[in-house]
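Sharing a structure, written as structure tokens. Questions coming.
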Amino acid sequence: MSEALLTLQDVHTDIEQYHILHGVSMEVPRGGVTMLLGRNGAGKTTTLRTIMGLWKARQGAVTLEGQDISKFNTPDISQLGIAYVPENTGLFTDLSVEENMILAARSGKMNEDRLDWIFSLFPAMKTFWSLPAGNLSGGQKQMLAISRAIIEPRKLLIVDEPTKGLAPAIIQALTAAFEELKKSDTTILLVEQNFAMAKRLGDTVAVMDDGKIVHTGLMADLASDNALQERLMGLSMEAHQ
Amino acid sequence: MLEPAVLSTRDLTVRFGGHVAVNAVTADFHRGTLTAIVGPNGAGKTTYFNVISGQISAYSGSAILNGEDISSLSIAERTHRGLGRAFQLTNLFPNLSVLENVRLVVQSHMHSGFDLFSRADGHQELIDKAEHYLARVNLLDAFEQPVSSLPHGDQRKLEVALLLALGSDVLMFDEPTAGMSVDEVPVVLDLIQEIKADKSRTILLVEHKMDVIHALADRIIVLHNGTLVAEGDPQEVMQQDVVQQAYLGNDPDADVREAS
Amino acid sequence: DEIKIAHVYGKTGPFEAYAKQSHVGLMMGLEYATGGTMELDGKKIVVIEKDTQLKPDIGKAMLEEAYGDDEVDIAVGPVSSGVALAMLPVAEEFEKVLIVEPAVADSITGKAFNKYIFRTSRNSSQDAISNAVALGKEGVSIVTLAQDYAFGRDGVAAFKEALKGTGAKLAYEEYAPRDTKDFTAHAQRMFDALAKEEGRKIIFVIWAGGGNPLGKLKAMNPESKGVELATGGNILAAMKAYKALPGMEGATYYYYDIPKNPVNDWLVKEHFKRYNSPPDFFTAGGMASAMAVIEAIKQAGSTETDALISAMEGMEFDSPKGKMKFRKEDHQAMQSMYHFKIKVQDDVEWGIPELVRELKMDEMSIPVRN
Amino acid sequence: MSDQAQLKAAETVMPERAIIEAPSFQDQLIKLTPWLLVPIIAFVGFLAISSGPTWATLTIAGLAMGLMIFIMASGLTLVFGLMDVINFGHGAFVSLGAFIGVTILLMLAGWTSSPSFFINMLALFLAISVAMGGTAIFGWAFERYIVMPVYGAHLKQILVTMGGLIIVQQLIHVFWGPDEIFIARPESLKGSIELFGASIERYRLVAVGIGVALFALMRWVLNGTKIGLLVRAGVENGEMVEALGYNIRRLFVLVFMAGSALAGLGGVMWGLYQEVITAHMGNEIMILVFIVVIIGGLGSIEGCFIGALLVGLLANYGAYLAPKFALVSNIGLMVAILMWRPQGLFPVVKAK
Amino acid sequence: MLKHILSDDFPRSRILTVLLIVIVLGLVFAPFIFPGTRSLNTAARICIFIVLIASYDLLLGYTGIVSFAHTMFFGIGAYGVALTLNAMGPSWAAIPLGALAGVVCAGLLALVIGLFSLRVKAIFFAMVTLAVASAFAVLVSQLSDFTGGEDGLSYKIPREFTPAFKLFDDKIFGVRISGKIVMYYSIVIVSILLFLTMLRMVNSPFGRVLQAIRENAFRAEAIGYRTVRYQTATNVLAAIFAALAGAMMALWLRYTGPDTTLSMEIMVDILLMVVIGGMGTMYGAIVGATIFILAQNYLQNALAVAGEVTEGIPILSELLHPDRWLLWLGLLFILSVYFFPTGVVGRLREHAVRRKETAT
């Protein structure tokens, strides 16, 4: 594994008066897929938002390529080459799908090839291209949110629960898309509840509970260890199926 | 059929401008059964729910509840006729307490919303009922908290509690387990099982997770581009080619597909 | 021992400018009438200011407060007729004199009158009648433009009545909503009405507050249709609009250059000295009310209400406009009005109303309506 | 149960694509009707008035009046449409613009009294520029200190902007004194020109020119550039726009400043039309502006444009044919339009 | 007992309880504690405005409806009483008759407005009501034969309510009980009754539905509440209470005109009072009305003092001039929205909650 692209070191984050993250430390190695797992309310979303500067870390460092970005503003962080898909998709429901996409292309123009690639991943995108994003179905929204994040190449792609509400066929397509992105040298940080997908995609994994990282390691190790899963996530994935 | 359907739709069609989102869907739902509605994203499942429960109005066709055409009734009237529904995205009263959320539903069920001059807190019977439903979803401990401070999973459970409190004959769930972590999913599934066990209810369930469907569904309806393309026994329907193609994708790699 | 006078007026709100003038006038009037001592028979004169905020309810409360809590002997004000009407019953309740200045509604000394009310400012009838006398001649056709509410309709009614004897013809009455911004349609209707008439054609405008119909009528080239515009006087700021209307005739309440008497001479001189500007419409009114107060107390010999009233009924007193006289029947001050013609002079910011003729108080028969 | 299940698949043809039909002729006509309203009303007016020159006078005056209202309303609807901020203080900016502009014109008295059209227009242009600049700067402060903390909360916006309204009006009193200020139009804009018996005020022609140009410019900026998109997106989800790498704060300030500058422009135009300016003048016209904005559909520039023209025309025809009617014509128009289209002529699409 | 009267909706903050007790006692004993016409006037205004503000809070705070037509209903109530007193002379029958007429008109008009426009978006409703209210004001000024137009109506009230009337021959605690004080106490009693009725309504099953609608109208509909019906009902109720407040105002002032009842300024004042007091809490009406009306009545005096101190400093003295009190009111407006987003009541309750938390 190469050196880390992104490191969090003892990050503490407050939301209003609540202390949510109690010292999160983890690494996202360059060029790999890192899974961030944990049960509802563990603090995964908060961690991602802290990286993006949407919550400010009270203490600790967030380092991207050796630069501490924990005090940066969100737009500046984004411009360092990070794409982010939030938990609730973060779409602009008043704008059309096309307009949503245009905004994501910072250059102001969408690359045709890239767009064709996206259409091949999500053929349905074409059919609702000119609808207001608010009128899309739950799954369509999710597709758009991801398309928006990959319309231009980025160093790091951060996605919060991409498979939520997606039909199996689309999950497959999405998994394939992430694999392709990985090949093209994009580093990916994923929060996911779908363990099967996590297993297939993940290189490294971090598991959170109660605002802390309780386990880090290789995904393969976690996938093969039912007892560990049980301990970390309350349930064994395999057993559940 | 021994018994007439509790809920049925006849050529129900929804259009958004030129787009036909639900295309002449005719289906029956019977007492004591759980029907899963599956289909790719954008197939029209949520829209189908919306037109049955009245959030949007039909372009043509009708929805029939217990023999009565409810197509022209308001949302609230449909609710009072026994049609209950939970939403794909959590949709509660965020700044009210957990108990108050359920109490409001019980109160609606009792038709006492226009009581202006008695104290709401004086109606102990409503509160007792509300607490009963909270107990059923294991949320009684949190009764005082504002809903916005509940974890995601608990909010989904509260959705179910509201639906129960409505006392509906027909319950419609739209992806009740989406975004829930693996340890929470079974809780909701058990709840639905329980409701189903009481044979007087009719349940409609939109769900993408195959294991959930296999575990719960008596019958399955497949929507594709707004059209009903298949219905019947879950095992059989899922084997059909059309369904395989449209829904599961024809990737032979079953690893992901089977996952929850 | 003190003589307490309350000035209850709309210091804040849209008529702030009027209020300022009125107060300056009042204070200068007291000064002049007491020879600069601000004392009368050894009693100090104290003026208490109360702000009605141009709201009738507050005006009423302020007057109650002045009579009840501050125990003033006499009160002066307010700016707006609506506020004045609300205040009238208070004077009756407390049995104290209220001198109305500068509110103009006829009903103040008309329908709503009670015996504690006196008014130094002119009323709407006086305005209308003086204008009728100024404009009304044989062979003249007049169309009126007024705001479509009580003030405008009363004004036109009085004007119409006064016009009767003069030989002029009232061809048409046009009413426009109070907040009219665009006068094109109304102008068209009036031009249509005048097109049928012979002789001299005049549009007479009775308009209070904003809107400036004159400027807008003027912009429609009335001269090309042989139509003249006419209206009454106004404060100096508003008369800047008259600069575009040389030769326009009408009648006014006051213009500093017109009255020739010692009071006015002093007022103009001192006002220029202190404020570097001429006294305006409401300055003169404020001064007149102050002079009425002092004269009344002098004649009554005390500040007892009954004594004041009997002294004031029929009382004559000096003002910047010369002699005024409180008519016994309705306590309205009879006074001169001035028929003017607008002259334009480059170095003067406003159109100058040049005196054509002074209309003496007995030349106009002002109806008693209480 | 399962033995009762029947397969239905065999008889159903699999729909390959979602069914999407082209919008029918009827749909397109419905889309166009708001645009047709203006000529329809003008035509009905013609039939009712019957005198050609009178009709022409009234029509041109009405259109010009409408365009002046449009200028004042455009800033309001821009700020509302893009930023979802309802600025009840807009009227104060109109007044402020008028005071600044008129101050400049009074300073340039030599230019405005010159008979040369060119020099007159130069003075007007300068006055408008300074007024727009001044109100824009004031708009910056307003956004920064008054509006910023209340984005997304309509009620609070109404409250704070009303507070702002009072403050700005009072500040005008502080700096310019309580008197109303009289201003004459530049020399070559006085009076009317006569054309086929219709008299058309010169000043109104200028207003028509500025109004139409403004409309074209705003349409282009909003539909043809990314700025409009970004701002609309930012209102809905500012965090996400930032996460996409844009500095939303700067953009919001710019839009608000633009809206304020438009109010300033409207103020100068309106002040010169009224020829008298007061601190309250902007707020007095606001009811009419609100009606126009409602008729048009909150936030729609096209709707605002048509709404303003309708109001202008109807007021003139109404006042000519039945003066009493003028009192209710605006409200009546609003009620009629809302009965027909509850969201206004061009409802700005809001999903959800 | 107290629990029943207050509908189990206690102030829930010790400071607030004390504040409320002080205000209520102050109002009840105003004629004795603060003798003088001005303070009695202020006290009566406070009472009437408490009812008016509370009724507006039914709309704004509890149902989330922004209406600019509230003064219109206030005015309808006032004109009802004014017109009957004007027509029938100072008779006792005229008062309830006028109030009833006002209430019925206000209720019907609110019903029509509600049915027509409550379906649209909130901000839309706000603007529609703004336009309707301004049209109504125009109408009142137009029908001057009937309403007195801009000048309004002055009329006489029964003698037992006028200063001339003496209830007892002797003074009580040094204060002569004039008809004015009799009327003051009538207003106090009616205000208390109306306030308690509204307090009950917001704590009734109906009131809870309103809160649900404010929180999430979409979901309220889905659990079986016809939101439009409830919103319309509140609109009507609020209008009725506003009309009653208007009727009291008409009696107290013995004058009714557009400026005292219909003007936009009063509407703005109402909004401000609701916000200062705290939306969605009936007690906010008491606190808000009291603070605001005191400020309105005494701010100018305070500025006069400040103005004297800064005499001579160019801009500042101009800003602190008593005539610029509106400027400071505007500032108060903005600051109160910022620093008291939940109003004084909300603030005090938060404070109390926090204290409890730290205590445990």
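Order of writing sets the chain letters: A, B, C, D and E. Residues in each chain are counted from 1.
We adopt the following convention: a residue touches a chain if its C-beta (ideal position, glycine included) is under 8 Å from a C-beta of that chain, and two chains touch if they have at least 3 such contacts.
Note that this is a predicted model, so its numbers are computed, not measured.
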Next on the checklist: For the interfaces D-E and A-D, which has the higher count of C-beta pairs in contact?
Outcome noted: D-E
Checklist entry - Which chain's centre, taken as the mean of its Cα atoms, is farthest from the centre of chain A? => result C
Next on the checklist: Which chain has its C-alpha centroid farthest away from the centroid of chain B?
Outcome noted: C
Checklist outcome for this item: Per the C-alpha means, the centres of chain C and chain D lie apart by a whole-Å value of 39
Item to check | Intercentroid distance (Cα basis), chain B paired with chain A, Å | outcome: 29
Next on the checklist: Using mean CA coordinates as chain centres, what's the gap between chain B and chain C in Å?
Outcome noted: 75
Item to check | Centroid spacing, where centroids are CA-atom means, of chain B and chain D in whole angstrom | outcome: 45
Item to check | Per-residue overlap in chain D, given as positions that touch at least 2 other chains | outcome: 17-18, 20, 173, 327
Item to check | Residues within chain C bordering two or more other chains | outcome: 16, 148, 177
Checklist entry - In chain A, what residues contact two or more other chains? => result 127, 135
Checklist outcome for this item: Per the touch rule, the chain E residues reaching chain B in their complex are 4, 7-8, 200-201, 203-209, 211-212, 215-216, 218-227, 230, 233
Checklist entry - chain D touches which residues of chain A in the complex? => result 52, 54, 73-75, 78-79, 84, 86, 90-95, 99-100, 102-104, 106, 108, 127, 132-135
Item to check | Of all residues in chain B, those that touch chain E in their complex | outcome: 53, 55, 74-77, 79-80, 85, 87, 91-96, 100, 103-105, 107-109, 112-123, 162, 166
Next on the checklist: Help me check something: in the complex, which residues belonging to chain E touch chain D?
Outcome noted: 60, 66, 116-117, 119-124, 126-128, 130-132, 134-135, 138, 142, 268, 271-272, 275, 315, 318-319, 324, 326-327, 329-334, 337-338, 341
Checklist entry - Once bound in the complex, which stretches of chain D touch chain E? => result 86, 146, 149-150, 154-156, 158-160, 162-167, 169-171, 173-174, 287, 290-291, 293-294, 298, 327-328, 330-331, 334, 338, 342-343
